[in-house]
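There are structures below to look over.
The same subunit A turns up in both complexes below, where it pairs with subunit B and then with subunit C.
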Partner chain A sequence: MRFDEEFFNLGYIDKLAYQNTFIHRLDARIKVLISVLFVISVVSFPKYEILRLMPYFLFPVIFIALGDIPVGFLAKRVLIVSGFIFFIALFNPIIDRKVAFYFFNIPVSYGLISFFSIFIKFFLTISILILLVATTSFSGICYALRYFRVPEIFVNQLLFLYRYIFVLFEETMRMVRAKELRSFGNKGGDIKSFIKLTGNLLIKSIERAERIYYAMLSRGFVGSMPYLRKKRIDIYDISFFAISFVFLVFFRFTNISTAIENFIKR
Partner chain B sequence: MHMADALISPEVGVGFWALSLGGIIYSARKLKEKIDEKTIPLMGILGAFVFSAQMINFTIPATGSSGHLGGGMLLAILLGPYAGFIVMASILTVQALFFADGGLLALGCNIWNLGFYTAFVAYPFIYKPLFKNGKNIFLATILSAILGLQMGAFSVVLQTYFSGVTELPFTTFLMLMQPIHLAIGIVEGIVTAGIIRYLIQIRPELFESLSGNGEALVSLNLKKVTVTLLLLTVLTGGFLSWFASTHPDGLEWSIEKIYGKPEIPEKDHKITEFLKNLQEKIAFLPDYSFKKSNKEQEKEEAEKYPNLDAGTTFSGLIGSAIVLAVIFSTGFLIKTLKRRKN
Partner chain C sequence: MSHHIVKFENVVYKYPDGTSALNGISFLITHGESVGIVGANGSGKTTLLMHLNGYLLPSSGVINIGDIVLNKKTRQEVRKKVGVVFQNPDDQLFMPTVYEDVAFGPINMGMEESLVEEKVKSALNTVNCLELINKPPHHLSGGQKRAIAIATVIAMDPDILAMDEPSSNLDPKSRRALINLLKGFNHTKIIASHDLDMILDVCERCIVIKEGIVVADGSVQKILSDKDLLEENNLELPLRLQNLKI
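So, the complex of A and B:
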């Protein structure tokens, strides 16, 4: 069942995010910033570029190695989401058939090159995103967002949402399971029962929100939520940021592969 | 229909991030003025509710395929446009982060496509006028869900087109996206209307208290929203046309349309000939020729396609292989060193 899987996946990422490694200890603001720069840098390459994207694999590899993230987990996550992009990118080799060069007499078209380029970009951007979340606690990310002046209501919203996803997922899972136990064959999967199920879930949720509000009031809620003050930015954070930044600039504006090769040939 | 990082250019990504953040900041300001403390936990819970409801699949009659709830319209109806938009944005953010739907840069596009149109176009202009005192729930909800999704789908097509990463022709993509999202919109509308009607039937007082929230916000600002929308449209239009102008194909195409029109009388050919010669001589704006010569076309193609002959491509290939080998062995080395330490 899809439901259980998503639920356990969410819990698993949450568990990964609370490890204690060098990458996990880095300040969330630094990691968010570097991830965004990384994505922009990767995406800004022209559409026929493949080779110059290769050095960027350094970042996911370092995150995986230093952050103790299982490679299989990452690969599975990336594969799951690749449907839509595969569908869109598939048009490139079909439409753009101009031959770019011959690879041992096999013609390679520009469309095929851009197809692979899209896929590599996709792999890089999605894996850095998954790795960011798997090495940073969600409250850390929210703190970073707040620091970057994202409106408080929105950040609070994210914190609430994340907290109650776990609660409501369990509730929904119980309701779906109860429904399935009572429905035989293919029954119970139609729109009508879906509406009743979700309608009930909605009413339960609204009532729960009321109870939560009173519970918050009795604990001194005054309309805003305090944030834990995180540690200051230390020497590790600064050096990680500086090194990553230099690498990103270096990867973007020089062609390392060709440089290395020319060096060897000489 | 989540947009992905790999399909958009950085300009489009950053541009739509700016638009979506603008929407979030604007909505947050509006909410701060009027918000009831009670709404804060309610927004969070309803977000989590939509998230869970999205996970439940149901079969669509007559087609046999399965669908699920999107939730944008439902949130707008229950919470009003501002809170609805913020909640939808937060759902998309969590989806992007934990389910890798889309990506960091594409998140701006996704919030815009799936959040903005339902909350700020479909809700105030279709749902509100149609829905009066519990009447027309189905009509109002289905129409607004369809409109919201159609605009969202159109927006996906535009973003893809202006990013220029895929070869997918504009019209083909449009013809694919709009009908699919018409069907999705109808299903979304039916399900949303069903849930709302169920809520009204079972707990009318809950629905009353909720929609009172949104109503106060909307009736106050319908004019303002209209003005802001118009402004935004103009801004987006300007923004997109700026892209179009940096997009050489679009510009050249339109110029050809203007100058290459067959309506230019035969007589004028001499003049154009003369102008062309003159232009070639002084080489003023060489690209703006009235009719492209073969040479120029070749040149253009050469500009469009980078020169990738086998020699240069393979020259980088070995270097790249070395780079990758170094990267992966570094990772491997770190892992083994760590294991030994433990």
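So, the complex of A and C:
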């Protein structure tokens, strides 16, 4: 049953977040801040840029190495999302056909360059975000978001999403199992029963939401959620931030690839 | 002492769809009593518990919690006095970690951060789950979830504890641990359950409700040994009183 497998997959990213490595121990606020700066920095490059994006791969590599995250895990997740980006970038080579240069007599258009540029940017930003979630406890991320004054309503959504996606998955899994146990390999009415199953799930969720709200009210909820600080910023956090920041600035405002090339040529 | 009483006077409640769940229910529970509420499925037990801290307000009739009359204005006050533990702990544990969940109530009550931590730890200690303090709820077993759900409530120091089916879905050992835990509390306890053996263990008094009214109210030994009364209400004698021979 595929659904069961997916369920355990979901638990996997969560398990990763509860490891204890240098990266995991860093304060969530620092990691969130660096990730955001990283994303802004990558995205701010012009659309034909490829070479200067290369140094940024250092960040995911360091997160993977120090955070003890399996590369396959990351690759699989990035691959799943890449379908969307493929269709977004697809038209660039078709529309923008001006030839940029010849690669062994094969014309390379600006469109193709921007196609790859988009892909690299996508790969960098998505992998840093996945790595952030895989190396930070979710409550830590929520606290960090609140700390940076992200509106509470959005953070609360995330908080509840994370808490109840497991419950919802389990509920769905039970329903899918119950259905399969009584359909005896008969695939005929699949779509119809799927529709009913989804509807049922919606009603169950609404009822559950009501009970949760009741539970919150009975513990004195009057409109705002408490977010607790996990730890104090220590010397490791500050040094990690400082070094990352210097590198980000350096990558953004100097052309390292060309510098290395010139250095070698000389 | 009269300040921890729970008094229902002719309480009627109709759900918006017209189903009437409580039909003029009256009883008085005094300070420190532990009361089991039993009855068939759909007899109104859960609806009754939802009134205890003002999630539902009676369509007519009066509820007194301590010296407060329950209404829209007083229900925040009442919620500090009455802690309700729900049937499904997944509904009760909604924060990302056990610590934050147990701290939720005390923080909302305006406690200071250092005091909150103390409260959380002592509540978790009471239910013997201090080592789970940093776990996310979805990594816990059913028995652990139930224990944490109780801790979330006792962290608020309620005068009155109300529980809906606290022993359901627990393995016998966890159930026994729960019973011992409940016996150790000095709060006024109101426990709705079908687990009559547990009620026999924990409570001194038992109220039987049927179709939203009280049909019997008395000492737990008397009520739970009345075979006819129990069978009329879709219940049966507690296993312990059945003289089973194997």
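Assume the second predicted complex is superposed on the first by the 216 of 266 C-alpha atoms of A that agree within 3 Å, B and C clash if a C-alpha of one lies under 4 Å from a C-alpha of the other, contacts with A are read in each partner's own complex, and residues count from 1 in each chain.
We take it that a residue touches a chain if its C-beta (ideal position, glycine included) is under 8 Å from a C-beta of that chain, and two chains touch if they have at least 3 such contacts.
Keep in mind that this is a model prediction, so the values were computed, not measured.
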Open item on the list: In the overlaid three-chain picture, which partner chain does A:Ile130 touch, first (subunit B) or second (subunit C), both, or neither?
Closed with: first
TODO: Once the structures are superposed on A, label A:Ser139 by its partner contacts, choosing first (subunit B), second (subunit C), both or neither.
DONE: second
Task: First (subunit B), second (subunit C), both or neither touched by A:Gly220 - done: second
Task: subunit B versus subunit C as contact partner of A:Tyr236, first or second or both or neither - done: neither
Open item on the list: Quick check on the superposed pair: does A:Phe160 touch subunit B, subunit C, both, or neither? Answer first, second, both or neither.
Closed with: both
Open item on the list: Per the contact definition in the header, classify A:Arg208: touching subunit B only (first), subunit C only (second), both, or neither.
Closed with: both
- [ ] Could you look at A:Phe86 and tell me whether it touches subunit B, subunit C, both or neither (first, second, both, neither)?
- [x] neither
Task: Chain touching more of subunit A, residue-wise (subunit B, subunit C) - done: B
Task: First, second, both or neither for A:Val39, with subunit B first and subunit C second - done: first
TODO: List the residues of subunit A that touch subunit B in one complex and subunit C in the other.
DONE: 138, 159-160, 162-164, 167, 208, 212, 216-217, 221-222
Task: Residue ranges of subunit A in contact with subunit C within the complex - done: 11, 14, 137-139, 142, 159-160, 162-164, 166-167, 208, 211-212, 214-222, 226, 228
- [ ] Over in the complex, which subunit A residues touch subunit B? Could you list them?
- [x] 2-3, 6, 9-10, 13, 35-36, 39-40, 42-44, 46-48, 51-52, 54-55, 57-58, 61-62, 64-66, 68, 77-78, 80-81, 84-85, 88-89, 91-92, 94-96, 98, 100-103, 110-111, 113-114, 118-119, 121-122, 125-126, 128-130, 132-133, 138, 141, 150-154, 156-165, 167-169, 171-172, 176, 186, 189-199, 201-203, 205-206, 208-210, 212-213, 216-217, 221-223, 255-262, 264
Task: Footprint of subunit A on subunit B - complex, ascending - done: 1-2, 4-10, 13-14, 21, 24-25, 28-29, 31-32, 35, 37-38, 40-49, 51-53, 55-61, 66, 69, 86-87, 89-91, 93-94, 96-101, 103-105, 160, 164-169, 187, 190-191, 194-195, 198-199, 202-203, 206, 210, 305-306, 308-310, 313, 315-320, 322-324, 327-328, 330-332, 334-335, 338
Task: subunit A partner contacts - residues on subunit C that touch it in the complex - done: 50, 53, 55, 76, 79-80, 82-84, 86, 88, 90-92, 94-97, 99-100, 103-105, 107-109, 136-138, 152-153, 156
